[in-house]
Each structure stands twice: as structure tokens, then as C-alpha cells.
Amino acid sequence: MNNTFGTLFAITTFGESHGPALGVTIDGLPAGLTMDPDFIQSEMDRRRPGQSAATTARKEADKIEILSGVFEGKTTGTPLAMLIRNADQHSADYSRIAATYRPGHADITFDQKFGFRDYRGGGRSSGRETASRVAAGAVAKLLLKHYGVDVRACAASIGNVSGDINKIDWSTVEQNPVRCGDPSAADAMAAVIESAAKDLDSIGGTVYAEITGLPAGLGEPVFDKFDALLAHAIFSIGGVKGLEIGSGFSAAEKRGSENNDPITPEGFATNNAGGILGGISNGDKVTFRVAVKPTPSIYKEQQTIEKATGNATSLVIKGRHDPCLIPRIVPVVEAMAAIVAADLLLRAKTSKLD
Amino acid sequence: MNNTFGTLFAITTFGESHGPALGVTIDGLPAGLTMDPDFIQSEMDRRRPGQSAATTARKEADKIEILSGVFEGKTTGTPLAMLIRNADQHSADYSRIAATYRPGHADITFDQKFGFRDYRGGGRSSGRETASRVAAGAVAKLLLKHYGVDVRACAASIGNVSGDINKIDWSTVEQNPVRCGDPSAADAMAAVIESAAKDLDSIGGTVYAEITGLPAGLGEPVFDKFDALLAHAIFSIGGVKGLEIGSGFSAAEKRGSENNDPITPEGFATNNAGGILGGISNGDKVTFRVAVKPTPSIYKEQQTIEKATGNATSLVIKGRHDPCLIPRIVPVVEAMAAIVAADLLLRAKTSKLD
Amino acid sequence: MNNTFGTLFAITTFGESHGPALGVTIDGLPAGLTMDPDFIQSEMDRRRPGQSAATTARKEADKIEILSGVFEGKTTGTPLAMLIRNADQHSADYSRIAATYRPGHADITFDQKFGFRDYRGGGRSSGRETASRVAAGAVAKLLLKHYGVDVRACAASIGNVSGDINKIDWSTVEQNPVRCGDPSAADAMAAVIESAAKDLDSIGGTVYAEITGLPAGLGEPVFDKFDALLAHAIFSIGGVKGLEIGSGFSAAEKRGSENNDPITPEGFATNNAGGILGGISNGDKVTFRVAVKPTPSIYKEQQTIEKATGNATSLVIKGRHDPCLIPRIVPVVEAMAAIVAADLLLRAKTSKLD
Amino acid sequence: MNNTFGTLFAITTFGESHGPALGVTIDGLPAGLTMDPDFIQSEMDRRRPGQSAATTARKEADKIEILSGVFEGKTTGTPLAMLIRNADQHSADYSRIAATYRPGHADITFDQKFGFRDYRGGGRSSGRETASRVAAGAVAKLLLKHYGVDVRACAASIGNVSGDINKIDWSTVEQNPVRCGDPSAADAMAAVIESAAKDLDSIGGTVYAEITGLPAGLGEPVFDKFDALLAHAIFSIGGVKGLEIGSGFSAAEKRGSENNDPITPEGFATNNAGGILGGISNGDKVTFRVAVKPTPSIYKEQQTIEKATGNATSLVIKGRHDPCLIPRIVPVVEAMAAIVAADLLLRAKTSKLD
């Protein structure tokens, strides 16, 4: 199933950028969880377009409608479905995008795979698809909260400006337009985006994320390791090109005596493992870092081919785009991590005989 | 299903380090593929222990027995099962490992998850588990070969010694004990391992891998993107801490105009995408880089706790281990990538109406 | 995943009897299939309430809205989602149903499983849930039609009145209110329903169904046999208590020489197999018969218990119900059979190496 | 996945009639269950050939070897794999079976699906495949026993001789060669088989089965209803042509007031539901009846076609077969029912928030 993710907490999404609506069905949610539609909406608001100068001008309220699975304020154990109507589909002229392929986009591969494509705003390959994920992720967060688990993320770098991960002040993340975690780097990050935008260009960045309060014992030994499912989830977000868990690429240069986390009566002395040993959460904080490519839609002229003939041509993309994906990808990263954690939390209920 | 990976080309594995046997059942293999047991065995030989000074001294022939699914030399469309008997389980004294937790290992998390563990050689969390993957990967490679697809990997760095990815000579990879791709770096890599081993320690490294000959159109748009399944597969290998696809983390510092691959009548001008756009193969080479931590088993004294009391203690691990995981992880990375490519190749058969 | 059915043609449904809406997401539909919303609506109309005196008086237009997956009249290869708004939820007094358990219904088991239930109209366990299935089944039928496959069903018996399966005139099925296949039995069947209704009671019946035009080779040898998936699908419809495929229970009294279908150059001489051998379609017509219990909602006084105390009490159910499930279950049986056939048709695309 | 069955308690099987071995991997078994290899073997012995005059003369010890997943006598939470070596593959002359198609068998459909087949003893479509199921079912029974659940089955009829289901004496089932439940009918059933065998023919029959001690709340409301999964499991057994749950086909002739089970403070007054309401176990006994066709292999001459030419020919099957499938299908029915119950028991662990 191509559009379903998860085993026990399983989400199925649908919707295109310029279709009537997007939506998600969450299957496997235990009965009895108090639903908080305001919280879901607040998560949607973190992802929605038009929040600031650093994001696209498309205006979407992204209002969530719960269609099923909740009765008298609590989940019933049956599927929770949510609908998000598209509102601001510009009646743009898509003829140029229909006739060529935008570099860095899925236009060409959709044609290769399906024979044709919904070219309006990227169709199903649009970042707009992640609205469904954030809605589902908000529900996953509510489930996790019940068990004392929290998921949070922030911008770690934009272009060549990095924040210090050791100086993250989580209370400030939503107070700056780039969602920088280290307040001292926020302005410089915003400036990098502004500069790219002024040049009709875009810029990449990294996200830092962590899951706290996780019980030990989540994750399955071989293929469905916690880190493996997290990697699946994170790389399923458009634009992701890299992932590190715990010490990440730096582990490749270390010796075992440096990288192993000593075990003490008070817990692990360090956390190079990123909270996961042998694919199973060890009770420590799960930490990871995500590399995101620059927005492929830029206003500069680009080299491409005509769909009909295969001949060389050039393309100047019009329309509304984020000059940097980082600020709005932060809640998407959180959502996907929350979905993985919720799923593994439920799966762990049958690890031991009771 | 915790020990199954794949949707149409689906493998299910079993086996522990010191149990009677390991094995794998491959479901979904089309009928009519000529089986080549010698090729499977040769892949097993690339992974098996005791190949060189750079690897553990455990002696295992890792002889493959095909139990089903092949008739008169061809696959029948029914499950192909393979068995690998364990031979050289040392009748070691495991009492110390049973009573404590090896840092950097899954000992503690298995206890947290399951309440107890098979402590002999790490049980199911042993790297020995990957023998089943290499057997399945060899069959995936045979299927891919039928369609002109090839998967290959090599050591890209050991500790702080890196080869040049642009200077890889694939014909030399199997001729040096570290499986270095850039022949000019092979000796230095071997020296880094030797030095770590001499210090009773271990060392990390990175693997570079590529899939060539892939048709365009493989991968599913949202959750089962080619890169997402690849990430799932690669992070499911014990010891992996990082993954980059195409331009990877360097994309995070780039502008869109640099990172987008211009499309020309002759194909993509560059390959920052790593052969995948919007989660779908674009016909170009899929490229990725994997960060592997140093072997957690080292001969140095380490700080840990007593299982029974939680009190502080120290542990000196005995037994046989690879001082560096890279040389033997190379065929495992290839195997997992081949399994993903084979699965997506079959899944793509129903993308378009025929 | 509890609310998903199918492997390659996979449907995920949601919705309760008295919630805002019902819906379904179809994943795995190949790109390029011409969509026919009028046909989908006509199938919905066959299932919807209020068609005749033989069915419930609830008024629902069951208007289908396609939310995604179709562009310029064709499927895109991305999920096709459909929404059905509930319109005629009576603002009834459900306090009595909330306080007791209706015999023959899932009221008590929902409480046992989930701790509480949406008691309005049966919530998720209502027959109204099948609207989503019929919508998905209509799409499956369109896919099957492309391959020359047709699915059809009719009432075979109501109470003790049986039609003759050898005298089915498919052109008349939609012309009588009970969907009887044998025109000569239609009036008698209607009379049985009327008589039960007059007695404040309900009546059971059987459905005969067949799939024609199926290519040979669909179905997987062991667990996902064509008949096994069909049985799963049919028994997942509320009220089904029995299923026969081909010669069914009569096979249990036969000898092999009677029950085996001789193979001739022109095909099978008989069809006791019901078109399936070893779980795989043999190119012949797939035939099956379904036993459906009498509607559990009746207007007679029934013995039950108080939810709060477990004490004995009696219940007289009010509201609107079908006195016989058969007329409206016919399109549901067709829908589920079509979904199975569509799924196996896609799955068969990778049986052989191409 | 074609050869995997189950969601949380998931079995994957492999093996052909005349290959080296059969086997099964059970994934999802909770850690800590005491394993009882003698019990598993005793279940294998109930299914194995050569038990009595009523069964085939093939001699197979069907000795189970546990390959993984058990440590110090308890399940570890990792996959439990079991191997069954084939021993008595007759070096028969299969040239005639290779050149034609046995009526009532999957020979023709395997060719249609896969392009060729392993014709030795039916290959994967042989009833011998069920050995893996019985092994897995025995483990499921051990898990169920831990929760107080028991599964048992017996012959209910052979040909036109029926036992009385109300007179079943479970203590006698294993004491008569046909596994008849009603001792007074056992001899007559045996005589029916003997008579068919003497006529070089075979005979069908029915199996009655029940699951006792089940907690209420097992089964998922829509597609994975308890009865739906049971139907999937039972129809996946070769030779099954019909299934009734609870009142079964007789429900189709009843009125609601007769078929509804009144609810009393002491439980349900009757059990027409067969222990399942709305797809969820209600705490009562789950009861079902299975129709099994006569063994398709008979010694009489039969009409068929030549594979190479499609021309008419006749076939006399040689070799060893059961004249009636019932005696040996009884433990297979139990095994599949136990696997379903075990799976749903684990799945129910996350129905409610804890």
C-alpha cells in the first residue's frame, strides 16, 4: 500500500495540491483518548502557508474537519478521518509547466511512472500533501502525550549558518520565523533566506529533532528498528537528502571507546546512540538531524526539455513558493517522528507475555 | 510483521548467532528466474567471517541450502527458502555477558523489551543475522540482473581516511581486505583498522553505494518513496548512524540553482538528486553514502552495570570481533539496496493500466 | 490495519452511521483508467436506503464526491478518495439503546472491546458502513470491465422461498424490489418479507453471485487463494453466516468421481470447482452463495440486560430498518467480490518473469 | 505477501511436497512463553500420513526441528522457525502427471499462472503444505492455552453419514480413525470411506469446530472481523468448499426473533451467533462447520487433456492418497483457527487506551 504508513497506528492519506481536498484516515487508535481539535488545528497552523515573509504567499486556512472516530470527545477505536479543503488554488496558467519539466521536481518522474500527471501545483507530489501528515501527527502527539512522550524539532542550520544544538531554547522556536532553536542564530538564518529570495533563488538547511520521555523497549530488532522506521518516515518527506541519528556521520570517524555510551547506575553517561541501541529505544532521548535540499522551485531561468519533443528549452517558474523549506518542514518532521513513535509504542504492547 | 521486509519481493528472516541455524524465506519472486546457487554462495562468502586479518576469527562456511521454490533450475513462483547452519558456536563462557550489559550493544534494550535475552553472541541482535539478508540480496541481484540493474558498494572511508569517490575502480574492490573503492586509499584504510585493533579498540567508517541500470519510474510518491524504502533498509542494518542520498548533507548548504539538476535532451546534467526525484527513480544512477559506527565490541575495559543489581561495574569483552564493520558490511548494504530495488521494480508493474 | 482491505488494490474506509460522513480511499489503482462518476453513483443508488417498501425508510442521497486521484477524467495512480455525507441522521432518542444492548447486534461486543460505543444507529457497526464499500467496489468494477471481467449477484432465496439458480435472468434483477434472479420467484420472495414485516419481525435469505470473464491464473497458492480472499471479503459483511463456493456443502456428500470437473479440449465439462482450483482461477465462472441472517433489528419485544447493572430487562427497538437484508446486500456482495478480483488481477501481474 | 498469514501473530511458510523440506517462521510471538516441543510433535503426529487405513500410505515422521526463537525453554520475542524434512519422496515416475492435468487439482492453474509447475506430488499445492500450518498452529495453541483458550475439531459427517453435533464426546475423537466426534457414528463413517476406496473413488465430508474460553472483544469491526479472518483461514485450506458460522445457512430461513440470541444476566440464552457479534467475540463459544470436497486424486480413469497439445486424453492416477480428506484435515482446521484466535488476541491488546 503506497499511501499508508504504519502498522498498528496506520495512516492513509490522499489529496493533491489543486484538487478539492486533502485528508487522512488514522487506523488503530486505541479507544478512550480525549481528542483535542484545537491542538490539531494549532499544529496545522504551524505548517500552513502564508505565515511569514519566509514562506509562500498561498493562503490556506487548512481548517481540519473530523469526519469519524470520535464520540463525546473521545476516540472510539474506529478510524479517525480528517478532511482539509483546498481553498486558494490559483486559477493559474499551468500550460508551461504542463509542457516542460521543472528541474528538481517530480514532474518528469511522474510522467515516467504514470504516463501523465496532474501538473497543477505538483499534484500529489506537492509539499501540500504534508498537511495530511501534520494532522495525523497531531493525533499521534496526543496519544504520545498520554504516555509522557514529547516530540519537537527546530531549524539547526540554514545554508552555511548553523545554530548550536547545545544552546537550543525550545520556548523560542515558535517566536522566530525560521523556527531556529538557538535564538542567537535566528536573525542570521533569516538573512540567509532573504538573500536567496532576493537572488530569485532558494536555500537548503538542516533540522534537529528529539523525542523525549520515551519508554525503553520500543522498536523491533531486525527490520523495523526504531531508527529504520524513523529513517523511512523522514526520507518520505519531500526534499530530505540526509539523516543522522545520535552521533551520525561523526561516528564514522570515531573509535569504539569514544562512541560507546558508558552505562552507569544513573543511566547512559553520553548519548552517541541517539537513544536507540540495536534498533530499540533505551529510555534516553532520541535525537536526529535531517538535511533538506533547497526548494527546487526558483524564479531563475533553468535548463530543461520540452515534454512533447524532448528538445532543450528553458523555464522560468512563476507562482508562490517558499524560498527555504526549513521553517515549514519542522512541524512535518515532528509529525512523522510522532507517528513512528506512536506506532512502535502500540507495537511494544505485545512484546512480552502478560 | 517485525521480521519481514518488502511488499511484493518480501523477505522473512530468522535465526540467532548461536542457535542451530539462520534462514530466509523470499516471497513474491516471479516464476521462471534462473537460479544460480554458486552466485548466492559467492555473495555469502563476501560477508562471512574469517576472510582476512581485518575481520573476526569466527569460522563459518555459511553454506546455503535451498529448501524450496526452485524446480529444474528455475524459480516456481512459490517461496524460495534458504538455510544456513551455524557451525562454529564457541562453547564460550557467557556468564559475564549474561550478568552485565555490553556498552553500545542491544543487551540492555533486549532485556528492557523482552524481559530476558539470548546472551550467546548477541542472539538475534548479532551481526550474524545479516547472513540471511545477504542470501536474500543475492537472489534480488539475480532478479535485478535480468532487468539490467546492478548494485555495488565499497568502503568510502575508515576513521579519518577517505577515498575519492570519483576515483573508484570497481574491479579492485574485492582485491583489498577493506573493500576500498579508491585503490590509492586502501592501504591507509587497512592501517587505520590495524592501529585501532592494536589499541584493543575499533573504528567506524562510511560506505559508498550505487544502483545502476535502474529504469525510471520506480518508487511510490508519498510514503514508499525509493529513498524512503532505501533509508528504511539501510538503517535496519546494525551500526548504521547516517545516510545521505545524492548530494546529501551538502544540499543543506546549497542554493536551488546549484542543487537542481538541469534537464537536457541527453539526460540530467548533474546528479545531485542521487537518481531519485519525488521519491521516484529518474533513470540516473542512484547513489548514497552510509555512516557506520565503530564496532561496539572492544577489548578495552568499559563501564557498565550489573544486570541483577544495577550497580556499577566494569566489563572486558572477550571473544572474536571485527575491529571495523566496514569490510563485511559492504555486501550487506548491497543486499538491502538490491532487495528494495527488486521490490519497487515489481511494484511498478501495476503503476499504469495495461 | 483494521479498516484496510486488499494488497495492491487496497481500500481504507471510515465513517459511522450518524457521524458527519463516510468515505473510502482506494490505493493502488493504476494510472490511466477512465473514471465514470455516474456509474459509481448508480451503484450507490442500488445500495442506498429508501428504495422500496422492502427497505428502510431512512432517506440518504448517498451522493459521492471524488476528492482526489482523478485528473482530466482519468485515474492518476495516486489515491482515489470518495466522500459520502450523512444527511438524514434522525435526532432520535437513543437513550434506551445506550442503556441496553440490542440482541443480534454488536452493541455488547463494542462495549466489551472498546469500553464504550457510539450508540447512534450502531455507529461504525451499522450497515451504513457498507456505502464506502459499494463506492470502492464500483471503481473496482470499472477496472475489471477494462479487462473484460463482470461481477453480478442476486437474491437466491428469502426465508424458505428459493429461486432456481439455473433460471436466472440477469436483466430482471433490478426490476423487482428483492433483486430476485429467477423472475418466477420474485413475488413470493417479496411476500415473505412483507409477512415478516407485518409480524414486526425480519427474515433471512441467500445471495447467489458470479464473476465472469476472469482470466485464469488469479489467486495465490497458499493463504491468499482466490476463494480464501473472497471468503474474507464476504464474511466481513455484517450479517453473513455462511458461504459456499462452487458445489459448496453438497461437495461434502459427493465422491471424487462426481465432484471433479473433467477437463476437455473445450474447457471444464462441469463447474463444481466454482471456477477456482488450488486457490487459482481456472478461467471458468467463479460462483458462490452467501447465507445472510435475518435483520437483527426487529420491532418485537426482546430480552436483554441493562448496561449499567447487568440486570434483565426487555427492549423494543424503534427507528427504521430493513425487514430483510438481502435486497440491499446484493450490491455489497458484488462490491466486495469486485474488490477481491481487482486486487488479485493486479497481484497476478508479477507471477511470471517478463 | 502470498505466503504469510496474520498480522501480529504472523506465519510465513515454504516448502513443496517433494522438495528437501517444509517450514514455517512465526513472527510476533510474545517473549516468555514456555515452549513445549513434545506438544508440537504430537500435533504433527495427528496430521501426518500413514496413521491408519483411512489415510495415505506415505511414510513421513514429520519430525519438527526448532531453529530459532527459543532460549532456555522460553520464546524470546524473535521469530520462531521450524523445519520439517521430507523423507519419503517416492522416486516415482511423474512423467504422466507432468504431461497432463489431474482433474480437481491445481495442476492446470499452476501452469496457467506460473507458466510451468513442480509436478512431483503437486509441489506447493500438495496437502503436504499443511504440515507447516499444523506446526505453527501448535504454537498458537500454546499461546492460547496461556490465556485459557482451547480449539478443537472433529468429523461431523462423511458422505451422507452425519454425527450429531449435540452428542460430541471430545475424549473419543482421537480414538477412532476418522476423528468422528459423535462416537455412535464413527463406524458408519469409516465404512463410507472404505466403500469409496474399494470403488477406487473418494468421498467428501464436513468438520465441526469450536473455540472455547475466548475472551470477549476479539476481532476488528469492519474488514478483520473474527468471522472474516476465520473464513480466510479456513478457505485457505485446500479442498474447503463451504463454511458456516453459528447458525450458518439455517439462519437464511429464520426470522430475527428466532435467530437473535436473547441476552440474559447469565449470558446469551442461545448461540446462533456462533460466539461472534459484529465481527467481535462475545465471550461465548465460537462454532463453525466446514465442507470439504472429496479427495481429487482417485484411482478411476478420468477425462483430461494433454498439456502439450490440448487434446483430449484420459488419466489414471497412481500413487498414495487419502480416500477422504476429513480425518487428517481436522488438525489443520484447528491449526488455522488457533492462528486466527492468537492473532486477534494479540491485536486486541491495543483496542483500549491503558
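Order as written gives the chain letters A, B, C and D; numbering starts at 1 within each chain.
Simple rule for what comes next: a contact is a pair of C-beta atoms (placed from the backbone, for glycine too) under 8 Å apart; a residue touches a chain by one contact, two chains touch by 3 or more.
As the structure is a prediction and not an experimental result, all values here were calculated from the model.
Taking the CA centroid of chain D as reference, the farthest chain centroid is that of A.
The greater number of contacting C-beta pairs, out of the two interfaces C-D and B-D, is seen for C-D.
Taking each chain's centre as the mean of its C-alpha atoms, chain C lies 26 Å from chain D.
Rounded to whole angstrom, the centroid-to-centroid distance between chain A and chain D, based on C-alpha atoms, equals 46 Å. Put simply, the C-alpha centre of chain B and that of chain D have 38 angstrom between them.
The set of chain A residues touching two or more other chains comprises 1-4, 7, 13, 28, 31-32, 77-78, 113-115, 124, 221, 351-352. If you check the complex, the residues on chain B that touch chain A are 1-5, 7, 13, 101, 103-106, 108-110, 112-115, 124-125, 129, 157, 159-160, 196, 199, 201-206, 216-225, 227-236, 238, 240-249, 251-265, 269, 272-274, 277-283, 291-298, 300, 302-305, 310-312, 347-348, 351-352.
If you check the complex, the residues on chain C that touch chain B are 8, 28, 30-33, 75, 77-78, 146, 221, 346, 349-354. Those residues of chain B whose C-beta lies close enough to touch chain D in the complex are 1-4, 7, 10, 12-16, 19-23, 25, 27-28, 31-32, 65-69, 71, 74, 76-81, 83, 113-118, 123-124.
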